[in-house]
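By letter and in written order, the chains are A, B, C and D; residue numbering begins at 1 in each of them.
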Amino acid sequence: MKAAAGIDIGSTTAKCVLLRGKDIIGRSLNPVGVNIVRDAEEALRLALQDARLDRSEVGFVTGTGYGRFKISFGQLTVTEISCHAKGAHFLFPGTRLVIDIGGQDTKAIRVNERGEVADFAMNDKCAAGTGRFLDVCAGALGYDVAEIGPISMEARHPVKVTSTCTVFAESEVTSHVSRGKDPKDILAGLHASIANRTLSLLQRVGIEPEVTFTGGVSRNEGMVRALSARLGLPVNVSPLSQYMGAIGAALAGQERLDGGVAS
Amino acid sequence: MVDRYYAELDQAEKEKRPVAYMLVGGNLTEIVRSFGYEVVFPEIVALNCAIKHKSLDYILQAEAQGYGLDVCGYVKNDLGLQALGGNTPFGHIPKPDLLVCSFSGCYVYIKWWEALAETLNAPLFNFDVPYQRTEKPLKEDIEYMVAQLWDFIHLLEKRTGRSFDMAELKRVLERSRRAEELWVKYLEAGKHRPSPIEAYFEAVFYMFPINVLRGTDQAVRFYETVNAEVETRVKEGTYPVPEEKVRLVVEGVPPYTNYRTFWDFFRKWGAVSVAATYPKVGGLFDMGFYHDPSRPLESIAEYSLGAYVNQNWPLRRQLIRQYIKDYQADAVVIHGIKSCRSFTAGQGDLRDWLIHETGTPTLYLESDHEDPRYFAPAQIKNRMDAFFESLDQRRSSAAATPGRSTP
Amino acid sequence: MALVQIRSPGNEDALAAPSGLAFSPDLREIRALRGLDETVRMARELIQDNTFPTARAWVKGGGHAAAFFPVYTPQELAHALGLLPVTLHGGGEELEITHADAALGSFLCSISKSTLELAITGRLDPFGAFVFPYICDVSRNLEGIFSRLRPNAVTHMLHLPQNFTSSAAVPFLVAEYRRLLEKLERVAKEKYDPSALTDSLQVYQQNRDLLRQLTELRRKEPWKLPSTELYFLERLGDLVPAEVQTPLLRHALDEARERSRPKRDAVRVLVVGPFCEQPTPDLLALIEEAGCYVVGDEFNMLRRWTPKVELSGDPLENLARAYIESKVDIGVRATPMPKGESIVARVGESEAQGVLFLTAKFCEPALEDVVLYRRGLEEKKVPYLHLEFEEKSTSYEQSRLQVETFVESVLFD
Amino acid sequence: MITCGLDLGSGLIKGALLEDGRKLLATASRPTKGNATQSGQLVIDALAEEQNLMTGDIAYLCTTGFGRYMFPTRQLQVSDITSSARGAVFLRPGTRHVLDVGAQSSRAISVSEKGKVLKFKMNEKCAAGAGRFVERCSKYLQVPLEEMSSKALTAEKPKLISSVCAVLAETEIINNVAEEVPLADILMGVYLSLAQRAYALMRYVSIQPEITLVGGLVHSAAMVKAVEQTTKLKVNAVPEAHFAAAIGAGLLGHQRALKLARGGGVAA
């Protein structure tokens, strides 16, 4: 059986997943730079390497994410909204609500029992409350994004962060630091502020368990906890959460393969 | 026809004929024209500027005067244009001799006309139209408006030295009524499957005469031609969207700055609007209202009261529900306008109501009608793709598993 | 005396059990006279408690309450029916907005969102009626949303006339008030009685007179009554009946007059714009700290709109006529005279040295007027500053910088 | 009499030493790091050392800028809009309009011939219009900050940035790189976008020549060119203008000291 590849070109990272039947046989994650076509190829190459598979074994390539139109070697493009829904349904079949927080946007997706998108909403206006927001604030405090989640969870007196703008949040963070606030507390405040903003987005589609959290920011435990607390519900997270879009794309390709479309 | 209208304005200016400025919603075009005024509709000028990609220059001019980022783009387009001398790519816009503010459906009207009055030093008549909160107009509302209309008529008599001719007004209203009936016939063609009309993108162009040229023979003839064209389409099977896949009801003002791009996003998915609320900003003729020569001033008052945005949310919701049913629509698309609160405040609630209480899939998009800085094509396209994708998906799986309804 | 009886830590989700201040149904804790500082402190606490403790106490004692959105609404009508009229002035800085965004839209003022949030989170449950005046499209549309959200309550979009010269405006407004009365009667379970309305008009007349004396004192001797104090005294009337507020005002006036405080070297400013959404108390304090005396403002326009209501004759008509004949210049009604002239005249009356436009973000009525006002001020070389605010903000660096620069530009030569 | 103006900015602390409010003796700057009081003192020490003075020789110290309240030994503080205006008129007496582009905000100021602020406007909530944006672009595009301007000046067809958001603008820039827009064109696009935002502020307060640019971006010839192109007017840009706020604070300090010596004055 040929494998299906799903490639998700996001604003910050390119992800690729190889799927054969119901098995994820390879994956890759690399940063997107200036040459998107090359990054997509690289993502596929790395995933093939991971799966020890030859390019000829891939029967179908599906692209998703903001850069999906740049994947010139793919056969199909699907929006990341459908893909995250599909992917989340695949890993957590009971999912009814998907929260995807990526590098530059946040999405709330309500899915039906078949993993189809019933309704969705996205953040508008600006980059506030997204992964980028966390990246910038982590930078202002001199941490790496991977560290800030766990640190935020040690806070005892979270400070209030009100700035709705990523750039101004950075200066708000700096001014809290200069006033001698504990970085833990500032980070906890940042996480709470994003959780709150996300909740308001989720309200647009309606909150229904089970909730699955996807996208790069779901790797941040602090964020998972803040969201779950704000929702008052447990939240599914998989180690593969950041790959959810790529998994969904691969699944869409797999369906085509099953339907008899050859490459 | 639009060109001819601007040429006419130019002519009026040269001949020194009096010019009145009016708002589209609930306008008093019949009365004003019967006193020999040419009429400028700054909203229409503004949207034409946006289509021609000129609006940003005027908006920036207005912002330099101090109009904030959040002020309605029409207002900024108009005041910026005035400050720059009134020259548009399609002709010169003459200055007003009279400002008629039909306060119907939008509070900004009051502020806008006030600013014009102060900036251009022109007399202003405020025609206060109560907000419509009941299905049938209230007696006191009509009495209030008719009293104001008489004040207005007396003002016009004083300003022009002409005396009011009721018989002439009745003849004009008769022609209005003819045009209105033909317009409704056009709109209702959207009930056919596939639809021979595009009730949003196309109707927006065709609504010009019904708002601006009501009461003229020209308007009547225009809709006769349009309807003949629609009949030919049906006969020959040439439809605006050749392969109709999704039938939509569209709510909201279009993004005039990127009109074509926006339309193309719909066409790509075989989506056609079969009914829309925006072409009803002038009046809800398709809901049974027509100007009535036997009750001239009363029917004019009812017309002003019945403009789409002058209806409260319960009435707006009801109308949209009716459209979905009558036009067999599959989904609703709402286009929110950043700088127009009149239309937009509450559209989120409408979306929620449509999805949860009527079970209609609904997409909400946001940009601006005049300000190109707020049209983010990639974002809008992404949302549309995802929406139509999911609609498609749910349909095919509903077809595969009969008996299961799409949520 | 201990005012605070229960105070929750502001936990959003613990709303089922109402938190905040608690009172007895006759509000006797509030009626007790006390010193000016204490009154201000009490008013501030009451206003910042967004669970509407007075209305809750009132309803618990068997009464009914009606909520009114700013700016002008004839609260006398509710008063005459024995309802507690409460003005909804937003959610303040503590309220988190999570639900309301979805129903409204991104580019709207905060007060519309916070008011809706208050309703969604159950904080407005004590109210049986919601009245929204047509001051702008947002307030108007909000009524439609409330009617869906609170189907069991009475909602009304009050159309206030914009044609002040038509002879039909008063009869129209009387009819409009009658429609409102009919709805309020349902909530109050009382019938409208004209003589009760006349009594209410009188109660409100007294209340307005005192408020006017207080603002007059502040205009003349701002060091005796800073605006931060006046503001809370006035806003107390949002939450308690006029007859409860009036004696407190009288007491405060007497005390303020007697105060001896040094006069600072500050710039006298007229504050224009915050007639609906309210800035945070900290922002108000900042303005005074940075070197301004606020000698005139647009807060609490409700009680200034109809300076005098005739007491003899048909009370409903008197109330309507007072509205139509009012000469107030404000962003939410058609202008009685050109804005440019009007602002210059207002500067003159308040003997201000400059104007501070303090407008809520996205508040179109206020934003559009600023342009015309500016033009008038520039012609007469009156300095001005325009600041935008939001109901909720904690970072004041930018505002402080601008107010200080403004003060320096007036004071330094 | 020697007075000192200290501008505690968000990125850089700048100091100026003046003699009798007429002569600029020295300027110095240090990055704002950690404790503002300490960094500020370092600047004052550097100034004193250059002029062979003791700290006690400074008759009056006036602070300005974002951190103006954070320096306890100041005698007076003024806003950086007030001080930039004074400083600009000191450096270029014909100035009637000052454009100040700093790290976090841009301001347009119209001034009287004495340097008094008549009207001013700063950029709104959105952070898209100031120097920090240039810094981020420099990081992103891996061009050292000092070279941004000279590279930009070689542009042939500058590519404007349409996004109003500083963060999303970065994405837009990356897209431009991907689409192989020449680096110089992207860089000049950055300056032109800044200039356009600034122009909106300038129009609001009404533009009158002469225009003087102050703040950190005076070092960027590309910024000067961009503003000149956008406004179609000549723009003064002298290197000392980076210290305009510090100079202005020194001047105001001098005025104030004189008044005190005369025993009058209530201002501030």
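In this text, contacts are C-beta pairs under 8 Å (C-beta built on N, C-alpha and C of every residue); 3 or more make two chains touch, one makes a residue touch a chain.
On a predicted model such as this, the values are computed, not experimentally measured, just so you know.
J.: Given the touch definition stated above, what is the smallest step count connecting chain B to chain D?
T.: The least step count works out to 1.
J.: Measuring between Cα centroids, which chain is at the maximum distance from chain C?
T.: A
J.: Using mean CA coordinates as chain centres, what's the gap between chain C and chain D in Å?
T.: Centre-to-centre distance between chain C and chain D: 41 Å.
J.: Whole-Å distance, chain B centre to chain C centre, using C-alpha means?
T.: Centres of chain B and chain C (C-alpha means) sit 35 Å apart.
J.: Going by the touch rule set out above, which residues of chain B reach two or more other chains?
T.: Within chain B, the residues that touch at least two other chains are 66, 348, 352, 366.
J.: Can you list the residues of chain D that touch 2 or more other chains?
T.: 124
J.: Going through chain A residue by residue, note those that touch at least 2 other chains and give them in order.
T.: 121, 124-125, 168, 204
J.: So that we know how the chains sit together, what is the shape of their touch graph: line, ring, star, complete or other?
T.: It is complete, because no pair of chains fails to touch.
J.: Can you tell me which positions in chain B touch chain D when the two form their complex?
T.: 60, 63-64, 66, 69, 373
J.: Using the touch definition up top, name the residues of chain D that touch chain A in the complex.
T.: 10, 36, 104, 125-128, 132, 165-168, 171, 174, 177-178
J.: Which residues of chain C touch chain D once you look at their complex with the stated criterion?
T.: Residues 265, 291, 388, 397-398, 401-402, 404-405, 408-409, 411-413.
J.: Tell me, which parts of chain D touch chain B in their complex?
T.: 124, 162, 164, 200, 203-204
J.: For the complex, which residues does chain A have touching chain B?
T.: 66, 78-82, 85, 112, 114, 116-122, 124, 204, 206
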